[in-house]
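Chains here go by letter, A, B and C, matching the order in which they are written, and residues are numbered from 1 within each.
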């Protein structure tokens, strides 16, 4: 992940142009055998819902030369120096006029800010406030050797087919220039997750990785897939997975999706935090717009805007810890394991506790307290009414999902757990009523049965 | 408000009689042009649900003269000196017998208590405990020159018509004698609210102000309006708006009415408190009786019985702070603004976030964090599914309702928000499902949709 | 209760055999006139759901003699010395082999542990660790003069008929040897409760007391009553009612049964604790298995496994406090009183507060704050809409159930409360809507109406 980020860091990315293409090339380079990056290019001028795809932006050179002829700002030094989507210009301007095009951070005089102007044609440079203050009066030569012309918006997708058509969408934006946490961290971890999933002999869900420019990119993808959106069963926007702080899961619009429960279960057990949905942030706000209402949450560490390095040159490769990337990857694998492993079973020996010992599942000397493995089996048997899912069993019992899943496997193998046998169960009086787990009140409220 | 209270303070009010008539006169005097106080008189003996309207009580003079011929208690000094509804008497009684008719507060020897005996024919006087203890032995002359005869119970109403028949009921009791917080404060603030509402060019709801004697007055009004009670959409009993402490909103019987949400939103933001319903207090207990079950909450400051000055002569004009009245009035105006402004819209550009900049609604340079105005627009767009109301948007977002209402106005003007377009929305897969806001679980539980 | 426990303590009980029979004899001895202990014997080998009834176990003598011929462990000294269901043996074994059959508690060297081996044929002895360490090397003579032969599993039932067929099940296990808290305390308190209930002139519910061996005993009872389980309206497993700590109520699987609300109301008011269901513990885990899903909670003091004396010789008669037994009995009587007294009424004077004074129910001088008796009447009138139960009134008001029940009795006698009069109520606009009390959200969610 470190190597990939180091290679991708210097590229001058924006929402269109060769920077995105180059980054997709780097992603394609590290894909495992059998996985293909499929690219889609959509022409400038195409209407995408309320938006229009802008002209493609490419830049060759951009600098400001001082009264003494020395370059005071140069895109070649740092991709953040140029305001994204700056229009071409070559002019000589006095300092006073130049300053209206310069952006700096007075509070952080050593950091270069990140600015863009996608939908307002303008040009500008970003620089350290310390450097800005040192600019002598006089005339400055400004060059932005860029093209802003009809072209295309490009995004990439990698699909790992599963045994069902139901998809898990993993989306990570690909439009930010030399900013390491936001979002090379997301791209690097997504790619590694993709490699781990590709190596699995079996996948229940189909996994779709989307690498698209922020906002307009995800909207464009949505606009070209409106008839297939109902395939998305779960989704995660992943970005900003390093830079300090615990993992933070942001819920979907409804906050009651399976991905919300799965991510909350994993993230909280790892000391992370769960936050309610808010209609700003990254591309989750597009997926969760009321017209789409997709079950897509978001995983970050400290969210955007809450750390000072956000959208500045201080978000560099040193800002991203290797252990943070590994921890985020581990959490994602655990979330995927929940999504893959969650299922609903019926206790096939529902009339009282089965004699676990007889099935080779229990210590034979009584009087001891049940150990965690036995507890996981008892919880799974005790709540599996054909309606309550394993994830709900994990939530109510406080046990890790993996333990509950393992217990379910042992019980299935022993013939004590399986699909709900309709005929048998209807023989008893209340067996058809669902259980209402106290720990998931939202879910249970819909399954309330009044006697 | 201060001037009105000062004028109304000396009047000897009770649940019937000229004191109520005189107070209604004072209220009529300060009504704005076009607003009329309509009075209703209902004869003594009329059956009102479980109650019967008592004879009308009027008193000319009432005093106790000591053994030395000096008056030791005199209604002319303070209206609280006479027990309300005291029967006429003129007698000479020894001190021992007199004491059985005297009420004082041993713990507050300088305060006169407030006592009534509406439904048990008796007479009595209230006095400072200090004075009671100084009474010498001997014979006392007692005079209560009162009439307790068939007459009528009187209440007043002012109606400000709105563009709909749906009514907001504002009720304030008019039966307490010289007690300033309970309830001249309620009457003064209600009148001022009435003036502010009358001055509005437009009102969505019809506003009905009810000035009636406590309990029997509101019951009489209810008995004469049973066929029109379904017009009451929201209601507030207002009383005790001064005397210290934060604002306290008492919920309706159900606790889930719009007025509960509106008042909670406003009162909590002002540092006030929300309490659940309890079946005692002021007239809210009549409006919320199970047979009526009207959506009427109550606004006070420290509630009755929780401050020592309650129902004593210490609840005088000095006990009522001008700033408290103004603050209560402000809160009421805010609650009214919510009731007037709350509505449910549909995002007309629901497929992803609209390009606010293109509609003139967004700063054009990206990279900054959204300011509060933009946040209000994003929340309103993000939750407006044609089911979720603006008040729910405010509750979930934590934004003031006024900001959300202003955002909705801007978005409506820009064509991004409007009534739900049935045909269009049915084209997408889940667009017809309601959003379940986490922050209003009671509401959301009814809109749970399992995919 | 103390005398009964003292008599029952020395008996060597297990899940079958003469110990159970002898204990049932002792229970039968203390039954009140008219109450009969009905015994059921089910043959060994009978299939009971996933289980098979084991051979019956009886033991005459069991000891270990040391190299010097002295008995080092002897069942005659303490029933815990022999592992329950030990197979017959008479052998001479060296110390090393003997040790594999000995159980002790290194951390509690003076206590004898309790062990059983019901379903794994073996023999063993339990002894003080101090004694274990003092055993000299050499050959030991081991005798277990026991029979493990086809016989029967025995349980006893006492039924106190009520005015309805609906049953309250009170279950207490009868299989533990000389352990006083677990479970002579449960048996003693159950018997005393039975005597108190038998003495009542009237019982609304039928009470069924079940005295059965743990797990296999309750399963056997369930297997023979599958067609009658729907009669069980409420139930409690009672055990471990002494030994320190506050009362602890463990909820049913659903946690929303009437017995859950009743027990929570009583136990919390007495400073006790309410815990959610977990699928292990005593026989509640059989009654709450998904196939039965019966409304049976559990009452204990500090639960099994949470006190060091659990399943050791330290759980002796001195470990059980008389005051603890009396307190537990009082709590059970209160819970029974709730189950007997809970009912749903309609306010027959629902249009405003009735004039309590006119009905002889209210102090006649106004201006005082309502006392607790009046509060209970006002709450009962204020919430009795024909749907909300008295227990819900108690929960929402915070008043003891007994006060609410007494208020309902007074109001019924005064004709203010009674069965819901259908015709009258339909005359008002919203009277048919249920009330949703904020304080019992689980219940109220079931009365949610989806538009």
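To be clear about the criterion, a residue touches a chain if its C-beta (ideal position, glycine included) is under 8 Å from a C-beta of that chain, and two chains touch if they have at least 3 such contacts.
What you see is a predicted model, and the numbers here were worked out from it, not measured in a lab.
Novice: Determine whether chain A and chain C, two copies of the same sequence, contact each other through the same residue numbers or different ones, counting it as same when over half of the numbers at the interface appear on both sides.
Specialist: Here the answer is different, because the shared fraction of interface numbers falls below one half.
Novice: Can you tell me the C-alpha superposition angle of chain A onto chain B, nearest 5°?
Specialist: 120
Novice: Using mean C-alpha positions as chain centres, tell me how far chain A is from chain C in Å, no decimals.
Specialist: Distance between chain centres: 51 Å.
Novice: Mind pulling the residue numbers of chain C that touch at least two other chains?
Specialist: 441, 445, 448
Novice: Note which residues of chain B are touching chain C in the complex, please.
Specialist: Touch residues, chain B against chain C: 49-51, 84, 113-120, 215, 218-219, 222-223, 226, 229-230, 251, 253-256, 276, 278-280, 285-286, 288-293, 305, 311, 441-442, 445-447.
Novice: Which residues of chain C touch chain B once you look at their complex with the stated criterion?
Specialist: 346-347, 349-355, 357-358, 364-367, 369-370, 375, 378-379, 381-385, 396-397, 425, 428-431, 433, 435-436, 438-439, 441, 444-445, 448-451
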